[in-house]
């Protein structure tokens, strides 16, 4: 994919010879604004990117955590994972980059038809709007905005902070052990082969309470790990005042209040992340 | 509204005494992530903010512009308005601020039932993610992200630039005449009494082309103008390469290609803007 | 000054007809890089800007504060003022804008010749580099960088936060009383007629400890207040870890450790600020 | 250097038991504000960092370029190098990061005593204020601020843009050839063994034209290259209006006007960069 031109990213724009008003085309998928054209729906497409991940998992009180898990799920373990990702060389952003912090719990979806084990993201903060929009509107991934520092790397110390309009609400610090090798590394590689998410796509009614769309969506993804290290991780939440973050302070408050009974694991990993976007499906 | 506390912005969170999994509540409206709670649907609510607006309108080729207007509409005039807004003291952001650039055309919606004249936004760039999400998901307003400079003010010169990841694509410059007074000001006030938009809310299908939701939504809003000036406006579009803005370059290319047959009007206005969010309705 | 062109901001550039190597010109003042030209030294020049100021003054322990006051001074009162300023319409930035937070103490300079009462800034954080460079290099004002939010205004509540690379270290909140009128306003106007600073310009030796330049500089400035309100102010310092802000954490630590014995006064003011740059002089 | 604490970055702060006013200490080097303490002058100290460099060199008109080279120098070749650097894991910033764009020419300094060949930076844009301050005040490196995008990497395409307050003035694009190996790589390694700069430290007089300090300073630095590629580089300058960048537009105008007679070389390199800060010396 060495060449890069109009066709690479936008093959489906309006033909320049048409002289009519805008009409949706068949076999095409659109994002708002739709009237500038869309993309052919192509099942061979995968989103790809380089990732440096810093993930910390802790045990919490089951009842406290279940308050944020919809009834359609079963909580597989009273555990929360907080995973920072520094993403670069993103193919669908033409080589651009962004960072995210994913706060998730392990669940089983128990539908009438589907029974699936997956991570359920409670919230994902990202520092770039474009992937927030695709994540929310295409697959119901609950992404919202925050400023997220690139990792500060003072080997073997790593740190980052997450803030909103100048107000820090989460700091992460990690002290790495030497890189994994041999069997340990192979095991880590296997663990990251499956990073599927379930998003809850919820689009509100207009002019009334309730939803026009409410769906659980399985979104397949995985990481091809190249390097990995365990280490000592520390997480610091800071609750914000209403006026500091009126749209998110209740989320931060809820997460900060989850008791940390035990840090289970902290690890860094580096590799390639693949999102199988077109294989996402609505669960029933 | 001098007091500000948990109830001000988030009256509907989970009750702390419940010890069950999450369930949607009646009479409540949610945004993703829904499982941290929502807001009671309250028709007395209005979004309010201070605005400094710099709007430029030009005449273009009808056929060129119609290519981006859905067939459900009639283009009332071959005119494009580009309106920069610097918004402050925003009530639903607890006093926060952001900037936007709205590119719109005047249309009539001709449905089976509804026949409405309104502005149709082709695209709105905003430099804050929270209003992008509410605008898109609640009312189909086609908001996307860009960096938008606060106005540089070197009286009577005003300027701003719009860029994406360091790549400028729109510059606006304005040289103001003395402020309007008397009848001229009264007329300007009347013109801004109605700033309704029609959004096209389009949510794609999962795992297939086409839409799960495709609605035209009328969103009532207006401005109470306090000061206004006419003046000389200049607009400069810069097309971007694919790699500079892979998700938006085709929008910029389309808008930059619209011929400017005549600048019709350039004006600044300052005042209060009100969005009657709960009065939005789906057109049929 | 309605017209704006090359001569407005850069009257002294190299003449295009010269075809020689660069040489400094007489009667010209330069900043690095000097070889692109300088400005004629013009005593009629004043820096001007609009300001919204939020200032809080507290009483502290004299001995604690004196540790950061050079011996050349006498501390006039054991008081610290923390003043946020949102500056707009800045003439020397062609109408640009930036924010600052000035932490200062009232001093008397006792030189061999000069005896001057003034504010002594311990540190000034600014969110724009250009004024940091002119302030430091021209007048020794100890400016360093931080992200400083524009005021969030939810009348009568005001707030802002100061952070470095995502790590908040200072939050300010203010609840305003009704605007001052009559005598009270006139008194406030008189108080702001003099806002002089003394900077300590310190330029280190190259390849050795000690200074190549160490001067105390009086910098005359004032504010023409138009509106003012007293109110209730709160200040919150957050100490940072070394890795969060290796170049400033000791400054934050020092200031956060100053005991607040009493909040003396909190006030907002709006008006025009004038800096009499060319009247600055080295104290002896 | 695995441990990181107060002593790591700030060994020289005021002793907490002193109860006197501030006094400069011997054998210590300070930056403004000096009164919070300084650093022991330590000749074993070196600034270290990881760098990804993208450098493009072109031939220009000698006379055009010489207008910006002080008479104390001889221009060794009518060549300009524009080098983007993405710096990470910076030791003196505790693992922080920033980007720069260095525009330089090859010169010989002909002093009374010193005769040195070196690069002479005409200007260096950086997107972090802390290194701008140290560079200017310690060694006269003419650093000024700009926003500089991290590299967008869509192999083998690389691009970045440099902008000021939303106004792009320089875009760089690079198409890489396969990585160098063998002799070619060894040769590249040798070329980067010496990256010395000469800065012109110029500190203006107070209240008068002319300088209080005007020195040429040799600053030794080098890169230990690990990977390198040649390729096809393209540079695009965009001149800015006065109101878009009043403090820098004349620099951009001057550089944009230098004719590109021939692109000589474009290359990327990755490795470790070392700055031998304490070995800097004033040339005579």
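For clarity, chains are labelled A, B, C and D in written order, and residue numbers in each chain start from 1.
By definition in this document, contacts are C-beta pairs under 8 Å (C-beta built on N, C-alpha and C of every residue); 3 or more make two chains touch, one makes a residue touch a chain.
Only a predicted model underlies this, so the values are computations on that prediction, with no experimental measurement involved.
Novice: Counting one step per pair of touching chains, how few steps separate chain A from chain C?
Specialist: The fewest touching-chain steps linking chain A to chain C number 1.
Novice: Same residues or different residues: which describes how chain A and chain B meet, taking over half shared numbers as same?
Specialist: same
Novice: Measure off the straight-line distance from the CA centroid of chain A to the CA centroid of chain D, and report it in whole Å.
Specialist: 37
Novice: State, to the nearest whole Å, the distance from the C-alpha centre of chain C to the C-alpha centre of chain D.
Specialist: From the centre of chain C to the centre of chain D is 27 Å.
Novice: Give the residues of chain D touching no fewer than two other chains, as numbers and ranges.
Specialist: Residue numbers touching two or more other chains: 4, 93-96, 152, 154, 157, 159, 165, 243.
Novice: Considering the complex alone, what residue numbers of chain C touch chain D?
Specialist: Chain C reaches chain D through residues 4-6, 8-10, 13-14, 18-24, 26-37, 40-41, 63, 66-71, 73, 92-96, 121-123, 128-130, 132-133, 136-140, 142-145, 165, 200-215, 217, 242-243, 246-247, 249-251, 254, 278-282.
Novice: Would you tell me which residues of chain A are touching chain C in their complex?
Specialist: On the chain A side, the touching residues are 147-149, 152, 154, 157, 159-163, 165-168, 171, 173, 238, 241, 243-244.
Novice: Across the complex, what residues on chain D touch chain A?
Specialist: 1-2, 4, 88-89, 91, 93-97, 150-159
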